[in-house]
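Please read the structure below before turning to the comments.
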Amino acid sequence: MCRWAAYVGAPIFLEEIVSRPGHSLIHQSHCATQCHTAINADGFGVAWYGERPEPGLYRDVMPAWSDPNLRSLTAQVKSGLFLAHVRASTGTATSRNNCHPFTVGRWSFMHNGQIGGYEAFRRDADMMIRDDLYPHRKGATDSEALFLIALAEGLEDDPQGALERAAARVIALARAKGAAPHLRLTAALSDGARLYAVRYSTDALAPTLYHRWSDRRQGRAVVSEPLEQDEGDWTEVPAGSFCTFEGRDVQVSAFLPEAVSAAA
Amino acid sequence: MCRWAAYVGAPIFLEEIVSRPGHSLIHQSHCATQCHTAINADGFGVAWYGERPEPGLYRDVMPAWSDPNLRSLTAQVKSGLFLAHVRASTGTATSRNNCHPFTVGRWSFMHNGQIGGYEAFRRDADMMIRDDLYPHRKGATDSEALFLIALAEGLEDDPQGALERAAARVIALARAKGAAPHLRLTAALSDGARLYAVRYSTDALAPTLYHRWSDRRQGRAVVSEPLEQDEGDWTEVPAGSFCTFEGRDVQVSAFLPEAVSAAA
Amino acid sequence: MCRWAAYVGAPIFLEEIVSRPGHSLIHQSHCATQCHTAINADGFGVAWYGERPEPGLYRDVMPAWSDPNLRSLTAQVKSGLFLAHVRASTGTATSRNNCHPFTVGRWSFMHNGQIGGYEAFRRDADMMIRDDLYPHRKGATDSEALFLIALAEGLEDDPQGALERAAARVIALARAKGAAPHLRLTAALSDGARLYAVRYSTDALAPTLYHRWSDRRQGRAVVSEPLEQDEGDWTEVPAGSFCTFEGRDVQVSAFLPEAVSAAA
Amino acid sequence: MCRWAAYVGAPIFLEEIVSRPGHSLIHQSHCATQCHTAINADGFGVAWYGERPEPGLYRDVMPAWSDPNLRSLTAQVKSGLFLAHVRASTGTATSRNNCHPFTVGRWSFMHNGQIGGYEAFRRDADMMIRDDLYPHRKGATDSEALFLIALAEGLEDDPQGALERAAARVIALARAKGAAPHLRLTAALSDGARLYAVRYSTDALAPTLYHRWSDRRQGRAVVSEPLEQDEGDWTEVPAGSFCTFEGRDVQVSAFLPEAVSAAA
C-alpha cells in the first residue's frame, strides 16, 4: 500500500521528515496506522533537490528501518524540496527499479495506490509510454508507467491536466481489462520548483493525504499520515483534489480524470 | 525476536515447512502471533543436510516473503533434516553474516532469544570463543557467539552438556555486565544425524517451542509456532527442556545451566 | 559480454562445472580469456533441473566470486541438466531480473551477446512479446525479450525454428532502428529434457562456444570457454550452428535466421 | 588490494574525484594500473564531511561501476573533505560492514594494504580493541581493527603517534603469529578538520600514494593512482611517510612504527 512524505520550504535535513518525528516515515515502514498494511518493507527511496536541476535519488530494497546508509544520508543532506517513500508491493518484484520515487530529468514522482488488475494489462500500459521516454521505463510497476504516461501528456506545461489525462487513460484500460477499484492515486510529484500532490480514487477509498505548515521550519510537510500523534493541526486533503504547494501557498483544485474521459 | 522451524524425518521439499503451510515460516515473517514482534524481516536463512556431511546454507538480508531465490530453492531442494529461520534483529546490523542459521563443519545452529544487555559485553563474549574457532566468527550476533562457545565446550560429544556450559558462561557475563533477562534461549541445532532443540530462559518468558509428528510425511516438525492454525496436536515443549529428535523418537531432559554455574 | 556454462548427463554437483575446474565459470567471472571483457561481475545465475518439471533458479547481483550462497548451493545441489551464467552488462541495469538464466515454465535460457543498438528500440522489442507471456517480462534486457519472443514463436514444438524466427525478427528491428552488429547470439536453452545451444552472429564475431564429453562424469559440458587449460579435446562449435544435446548425442545443424527473413 | 581517493579544499561535488576524471576511482574499480589486482569490485564506500561534526557514510557491496545510488549521490553532494574507496578483499567476506571507509564519531579511515596473515590472529587483533570502542567493531577486517586500535592509542591528540603505536602493535602480532609482509599500510584518515595520509610497509612494496593541488578547484586530491593519465604534476609520497593536509599546506614526516617497537 505504501506510505510517503514530502517537504517544500526552507532547507532542512531530510531526517526531519524521514526519521526523527515520532511517527516518521521510517516508523510508518513497520507501524503504519492508516492503511491496509502496517508493514511497508518492500524497499524505500528518497529524491531530493539541491544545486542541480535534476534531483538526487537513493533507492534500495531493504526495509527502511534497517538501512544505515539511509540514516546517514538523511542526517547529512539538506534540501528545500524532497520526496520520500516506503513501499508495500502490490505484486511487482522487490528491486531498486521498482522502488519510488521515480525520476526523469527534473521530475520526480511517487505513488501510493494502484491501477486495478494491472498485471493483466501491463503490456498495454507499457505501450502507452511514448517511444522517446521508454529508456526511462526501468522497472515493471504501474506507478512508473503512470508517471511516464503523464510526462508524455504534458507534465512540463500543465501538471494537473497531464496527470488527469494519464489517469483517464489507465482508468479506461483498467475498466476494459483490469479490475475495480480501477485507480487509487495518492501521489506527489515535483519539477524542483513546486511540489504537487493528488488524492484521488475511482472508488470511495482514496489513500489518505495531509499537509501542515511549520513556522519553526518555515516549510510544509505533505504526507500519507501525520508525523506526530499529538499535532492536531494537520489539514486533510479531500479526495478528488490536486494540490500545488509553493513557498507558503497552497492551491487546491478538483482533480477530474472522468471529465477527460467524458470529453474523449 | 525471530521465528524458526526445523524438520527431521523422511526427505521432503523444504517448502513443505518453509512456505506452503497456512502459518508457514514465511507467513510468520510478517504475521507472527506468539512473540513480541509480528514482523521478522531482518533477514532469513536455511541450512539443509543432503549428501555432504556439512549442510548447505542460504542466507540473505531481504524479508523472506519477497525473495524469489528462497521460493525457488525451497521448491527444489529435498532434505531429511533442515533448519530455517526468519530474523528480527535485537540490535545487531542486518547483514548476511548476522542471519541464522550459523554453520561450522557439520554443525548448524539457530536461535530465538537473546543474551541480556549483550552489546555492553560483546567483546567479552568474543573473547570466550576459542582461538581455532575464531575464523568462524563472521558476524556480531550473540547467537553466533553462543554457538561457537558451545562448540568449544564439546558439542561434538555432549550437545546438551556443552550447551548448558555455554549458557552458564554467557549468563554469568550477563549478570556481571549486562541486563535481565540474562538469557532467553529457544534454539535448534544439528550435526546432520540428529536434531536437537532447547527451550530455556532465566526468566519466565522462554520463547515458544512446539513439535509434531506427521504420519503423512513420516517426519517431525519442530517450530516456534504451529504451522497450521487448525492442527490441534502440536506438543508444547516445557521451558527448561533439551530435546533430542531422531527418527520417530523424542527424548526430553531438563536443561540446567544453573547447575553448571553452581558447580563452577 | 558474459560467459556461461551448461551441462547435460549423469547428475553431478553443480560445482563440478561452476567453481571447481581451473578455469571454471567463477574463474571466468574475473579472468575470462576469450571475450572483450575479462570481468563478468554484473551478476550471475544458475538454473537447474531436478524432480520438478520447472527448474530451480538462483540469481543475484553480486560478483559470482564473492557469493557464499552460490558456493554452498553448487556444493550441495546435484543435477543432470543445468545452466550457469556470469554477466557483463551491455547497458541494462544490474538487478536480479536482468541476470540470466531466465525461466518460463519448464524452459530456461541464457545468452552471451547482444542485439545491436537495442536501447533505441527496446519498446519495439517489448511489443513483440505476446500478451500472455508479458507477465514473464520482468527485467529490461534484450536477452529476456528474445527468449519470450522465441517462446511465442513455438519453442515448445520446434526450438531451432522458433529461435530462428525470433532472431530474424530482432535482426530486422536492429537493421531498421539499431546498429551493427545486429545480433550476436551464443545461447543455451533447455526444457529439462534436452539441452540446446546456438552460436550465431550477423557479423564475423560470434561469441565462442565449445563442448566436451566426459567419460568420468558420463555427461557433456557446453561452455563459452574450456574449463581446463590443459584439456585439448574441447570441440569448437562453428558459427552459424544450432546444437541439440541429449544423452551422449550431439546433433548440429545450420542456424539460418536469414532464410527466415528472406522467406518473410 | 583496494584503491582510494581523498580530497581536501574548497567544496566540490564528490563526482569530481570519484567518477568524472579519466582514471577516476570508479575507473580504477575495474582498471587499476598500479596494483596487483586490476579489479576492485568487492564493495565501495564514501565518507564526506558537511555541516555535522561526524561524516556522512555510504557503503555498499556492489561493484562501484554499477551502482546508480553512488552516481546520484556523488553528483549531488558537495564537500570540502571526503574519502572514497573501492575494495578488493584480502580474505574477509563482502559485506557493508567490511567496506571502507570506517567511521567513529568525527573520525573516518580507509586503508589499502593488509596485516600479514591476519586471519590467523584476528582474535588477538580484536582483543586489542579497547572495551568502550568494541561496539564500533562491526565487521571483521584488519583495517577496521587497526583503526579502532589507533583510536584508543590517541588519534584525537596525536594522529601520527597513535597510528605508529597501532601499527607497531599489529606488526608485532603479525611477526609472532602471522606472515610477511607484516604490514602494508597506505591509508587516509580525517577528523573533519584535517586530512591525514600514511604510506608505509614493512617490506619494500608500500602501496602507492600521490597528491596534487588543483588551482582550479582550490583543493588537493590525495590518491592511490593519479586521476588523469596526462597530468604529470602528481607528487609521489615516499614510503615511510605520514602526511598532514590542511588548506594548501602539506606537512610530511617520517612514519616510524619500528621506533615505537624498539622503545617498547
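For reference, chains read A, B, C and D in written order, and residue numbers begin at 1 within each chain.
Throughout what follows, a contact is a pair of C-beta atoms (placed from the backbone, for glycine too) under 8 Å apart; a residue touches a chain by one contact, two chains touch by 3 or more.
What you are looking at is a predicted structure, and each value in this text was computed from that prediction instead of being measured.
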Completion exercise
Comparing A-D with A-C, the busier interface by C-beta pairs is A-D
Handout entry: Whole-Å gap between the CA centroids of chain A and chain D
Key = 39
Problem - Residues of chain A whose C-beta touches two or more other chains - result: 68, 93, 96
Fill in the blank from the handout: Among line, ring, star, complete and other, the chain contact graph is complete
Problem - Touching residues on chain B, where the partner in the complex is chain D - result: 93, 95-97, 119, 122-123, 126-127, 129, 131, 134-135, 137-138, 140
Practice task
Give every residue of chain A touching chain B within the complex, in rising order.
Solution key: 30, 38-39, 41-42, 61-63, 66, 68, 89, 93-94
Exercise for the section: Going by the contact rule at the top, pick out the chain A residues touching chain D in the complex. Expected result: 48, 50-52, 55-60, 68-69, 72-73, 75-78, 96
